[in-house]
Amino acid sequence: MIIVMKSNTNESDIKDVISLVESRGLQTHLSTGSQITIIGVIGDKSRLSDCNIELLNGVDKIVPVTESYKLANKKFHTNSSIVKVGNVEIGGSDFIIMAGPCAIENKKQIIETAHTIKKSGAKILRGGAYKPRTSPYSFQGLEEEGLKYMAKAREETGLPIVCEVTSLKSVETAAKYVDMFQIGARNMQNFYLLKEIGKTNIPVLLKRGLSATIDEWLNAAEYIMSEGNKNVVLCERGIRTFETATRNTLDISAIPVIKQKSHLPIFVDPSHATGKRPYINSLSKASLAAGADGLMIEVHPNPAEALSDGPQSLPPKDFDDLCDELRPFAKLVGKTL
Amino acid sequence: MIIVMKSNTNESDIKDVISLVESRGLQTHLSTGSQITIIGVIGDKSRLSDCNIELLNGVDKIVPVTESYKLANKKFHTNSSIVKVGNVEIGGSDFIIMAGPCAIENKKQIIETAHTIKKSGAKILRGGAYKPRTSPYSFQGLEEEGLKYMAKAREETGLPIVCEVTSLKSVETAAKYVDMFQIGARNMQNFYLLKEIGKTNIPVLLKRGLSATIDEWLNAAEYIMSEGNKNVVLCERGIRTFETATRNTLDISAIPVIKQKSHLPIFVDPSHATGKRPYINSLSKASLAAGADGLMIEVHPNPAEALSDGPQSLPPKDFDDLCDELRPFAKLVGKTL
Amino acid sequence: MIIVMKSNTNESDIKDVISLVESRGLQTHLSTGSQITIIGVIGDKSRLSDCNIELLNGVDKIVPVTESYKLANKKFHTNSSIVKVGNVEIGGSDFIIMAGPCAIENKKQIIETAHTIKKSGAKILRGGAYKPRTSPYSFQGLEEEGLKYMAKAREETGLPIVCEVTSLKSVETAAKYVDMFQIGARNMQNFYLLKEIGKTNIPVLLKRGLSATIDEWLNAAEYIMSEGNKNVVLCERGIRTFETATRNTLDISAIPVIKQKSHLPIFVDPSHATGKRPYINSLSKASLAAGADGLMIEVHPNPAEALSDGPQSLPPKDFDDLCDELRPFAKLVGKTL
Amino acid sequence: MIIVMKSNTNESDIKDVISLVESRGLQTHLSTGSQITIIGVIGDKSRLSDCNIELLNGVDKIVPVTESYKLANKKFHTNSSIVKVGNVEIGGSDFIIMAGPCAIENKKQIIETAHTIKKSGAKILRGGAYKPRTSPYSFQGLEEEGLKYMAKAREETGLPIVCEVTSLKSVETAAKYVDMFQIGARNMQNFYLLKEIGKTNIPVLLKRGLSATIDEWLNAAEYIMSEGNKNVVLCERGIRTFETATRNTLDISAIPVIKQKSHLPIFVDPSHATGKRPYINSLSKASLAAGADGLMIEVHPNPAEALSDGPQSLPPKDFDDLCDELRPFAKLVGKTL
């Protein structure tokens, strides 16, 4: 941590800052320039968490130089993590596709979809039982009934299943059925929920918030991990910008940035990122080429009749074509699809 | 709702769209131009919620012309709402200030603050017992113990109290103590929480999400109201933009926009909006002048020792000066402070 | 400037960085921590402008601690500047309103408008002769003919005139007529144009770019000032965000931020900021209350027939009412309108 | 164009709107619903450009249904355009890489770079002679002297050359040397400059503005094309968002969006998009996989000594490796590199 003092600071203010910092058992280094004086702070800065140094007289600003997340940080865990979901390994040499409908609508829909996506090459089945919808008047999900259909689909196909949870109650219910929790973008900073999930050992797909910085996203992962659950997979799904041609703006750079800053696997959800079916093919290839560990893609037996997110869902035939097109790209980056 | 067809659409696709819409008991009006054909849909569009018209052949896009929120919409409730918190009326002729520390730290701190802000002119005491913090290693709040101190402060001063809730469990606990719930920016689209709060009749201060549009914000209010709780007060607290000189960007335009679109009262929180004490005075005056119904301001007996958000908290003396400076502005807009 | 080294840096890399910095006549201070090593650099950092220190082995990042703008910086010019436009003083005890049509359309329109806004209390006449329009098929302005009408309006009313310039050619032409140049948002980083204007001594209204940070904006002012022209007035006109309820998002916080960082006067243009007439009244009051030195407001004798920006223009009667409503607010902040 | 009327509009207001529209020779279609009335307008909407329909009594809003750009629009030019720069074809079956230093610094630097990038596979040499820099105190470019060095480099290697222009004067000078103009992000809406370039027939690389929507970008292309110059290549270079881990946020979705909306070729500049060398490899592959027609990459013989943008420049060895890694990806998408 670096403390930058205001240009006209007097000696006594500088001494006060140094005294306070050193009183907590930390060391300081003083650099006095003609325009500016800076104080380097050496040691565990959490010892200063109860004093607001930037409010002391003469202090201009504080510049943090270390990240606040530790368990998710590559600096301290240099090997890439592999997260196991059922018998599927995420973050290893396989390029993993999770697919399925935005919302589980009925038993037939989810079981049919499971069979079809498995045949195309998907390894994990997704499906929403608890739907966070912008309007209270939109379809809100089948809840536990939907989870039962998902479990049935797993029984028939052997595919592990992933479902979004939105509350402690849904965590408790879903824990009985799912192989992986999903935390949606709107709940990325629902810290209470993150902690509850951290207390389980069920793997988690942690979607990036609509306006979350990568730093905040890794701190959200830290919430889960600091409770004991290390099985976190990140999922970029587009951020909110001024551009309206797409539903969100896929931050493709997040892939190399996460690979540099963290050891956790990273997925991309091109369905939510664009909100439009014609762009999914292009962005799926881009994500694979950029180094993603996998994709989450919405597939619906009949998108025109989907109760949620139809416009961004692929019909089975298009999904099958997409997998075929992705295969040689996967091979090129040394992965198996 | 307007359905815009692609420029090269054939007759039969147009007929199919019209048939589907009319099969749900809605009426259509067809406008055929040289370049473009549009189909106006007349009637309750919720009857179409299970069909994704934009996926039909020939459809270019759907243009909604009515808002999806009803109970929060000024069109259907033209009189401004007044929300009563304890004996305080929000949205009427009083300009209401809620003040207090970001986090309740101990009994002495909150009681002292309550006395001091009351003397300055604040009408409601705020204090955080459940703190959503970006890092899991930051102070997380005193929880129920904190609520008890708040209740004690109310007992001593008569000020109603408002506290943030972040989960069903905290709703259940806080309901025993508080006069008003606060939904924080990070939970604005925690729809599960919104519904739970909607089932109570305790007033709610609903903060705008960091990247929520005004339309999404009013839909979040709709979630609460559609469960029966109509006592919603909106609170603008800055949105996330590229500018880094302030913690967030206060969207001052939200005040007249909300006044035009909704009948609900609107507050501004200049403390979170800027994150910096020197700008609070200026933005408080601006908010009052722009037509806000009140302010939420962080006050701490000793900001330099605050466990949370010290840099944006005012010391009691500055808060007192601020109230004095605001009073003539309130008078000018016909309000009492 | 602070150089933060990577956590695993070796001694020799650190020495190399220090050697390079010191070879330019600068001093260094080394702070070695358990996790991180930082090197403070003391002296004129422009001596390092030809070496990219962040590319040296072991360097993690560079943290600048001083601003790159000097002439626009309040640190070095603590008194607020007053800019004189004709006989009007901007930045002093008068609250100045510039008003007029977005585009000059004909002689009658501009002269009538000049008379009417003068009567209402405006001190400077605005009007566009060179219009930057998103589409090449929109009205582009009357050019020199328009400037002549403006000059005629000044002759009749005594009001100084301000016009946007968009190229060297328009600067040369406009210099013969106007009392103040305007640099529009889209040209805020047209550095070539800024320098040309810097070579004149005609005052400049420098609008903030649609996505310009406050730091970039002050650097744009620096471009003009470093060529010799110190008569710069800043104008906040809304930034681009995800919100679509308004044309742009007025960054009201820019007012106190600029007042803290710079000595230059600051205006607000609520017409462009919102793009909608019903919000102008509210934002004008907010800007005045927040500490702005003046407003730029679009007024058109008949907005419904305006060739440009009609929806955000006030008719004369509304403008007159607005001035009347603003007067007591101006008095309250110690200014004359 | 669709005119949406307010919910409480009376008959006479509706008639007035219809009369006005029809008085310009356009047709209308009226759809009257229980809540809302809409008026479809059929015909050439430019006939309405001098009347602000949204200001008429009873009008709620105008919904445009056709794009304002025509020449750049795929609807009217369904075949993909090929732009010829020297003997290099952009938009065809070759994947084209433009490479070179951000700024031309001296003759040796640019000629060496030309030879090295040619050997690696680049087809066009880039180099900046007029540098738009945020601070006036940064290196501003060698101007005409730099262009002469570029021409010399072309003479030695046969590579066509592309240079940024920032003013009419630089257009006139550069026209004597370059094979392609570049319009930088900061000048994307410098409409005066766009028109001047439109009057030449020299191909143009049009970079997207930092906060330009895709719609505005295509309108900027329209400015050039409407003056007669159809040789426009678009270049995505990152947009401005709240994320700070990268210099800008590469909008990878712009590639499929542009391919759908326009017939013009699209490039990506991963150097400016990220501002950081370690991410360039990953984003180059992503861009190619997503369907881009080429890349613009900054290469400097010794980035650590670059006068501009060193941190995002590749040294020749890394560039050579990148080209080798990209080649199989190009083959996979059916292109030659």
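Descriptive notes on the structure:
Residue numbering begins at 1 within each chain, and the chains themselves are lettered A, B, C and D in the order written.
Keep this in mind: a contact is a pair of C-beta atoms (placed from the backbone, for glycine too) under 8 Å apart; a residue touches a chain by one contact, two chains touch by 3 or more.
All of these numbers come straight from a predicted model, not from anything done at the bench.
Path length between chain B and chain D in the chain contact graph, taken as the least number of steps between touching chains: 1. With every chain reduced to the mean of its CA atoms, the largest distance from chain A is reached by C. Chain C and chain D, compared by their mean Cα positions, are separated by 26 Å. As a whole-number value, the distance joining the C-alpha centres of chain B and chain C reads 31 Å.
Centroid to centroid, with C-alpha atoms defining each point, chain A and chain C lie 39 Å apart.
Chain contacts: chain A has residues 211, 240-242, 244 touching two or more partner chains. Within the complex, the chain D residues that touch chain C are 46, 49-52, 54-56, 68-69, 130, 132-139, 166-170, 186-187, 189-193, 195, 210-211, 216, 219, 222-223, 226, 240, 303-307, 310-311. The touching residues of chain C, when paired with chain B in their complex, are 211, 213-215, 239, 241-246, 249-257, 259-261, 273-274, 278-279, 281-283, 285-291, 328-329, 332. Against chain D, in their complex, chain B makes its touches with residues 2, 4, 7, 27, 29-36, 38, 40-43, 60, 63, 65-66, 75, 240-242, 244.
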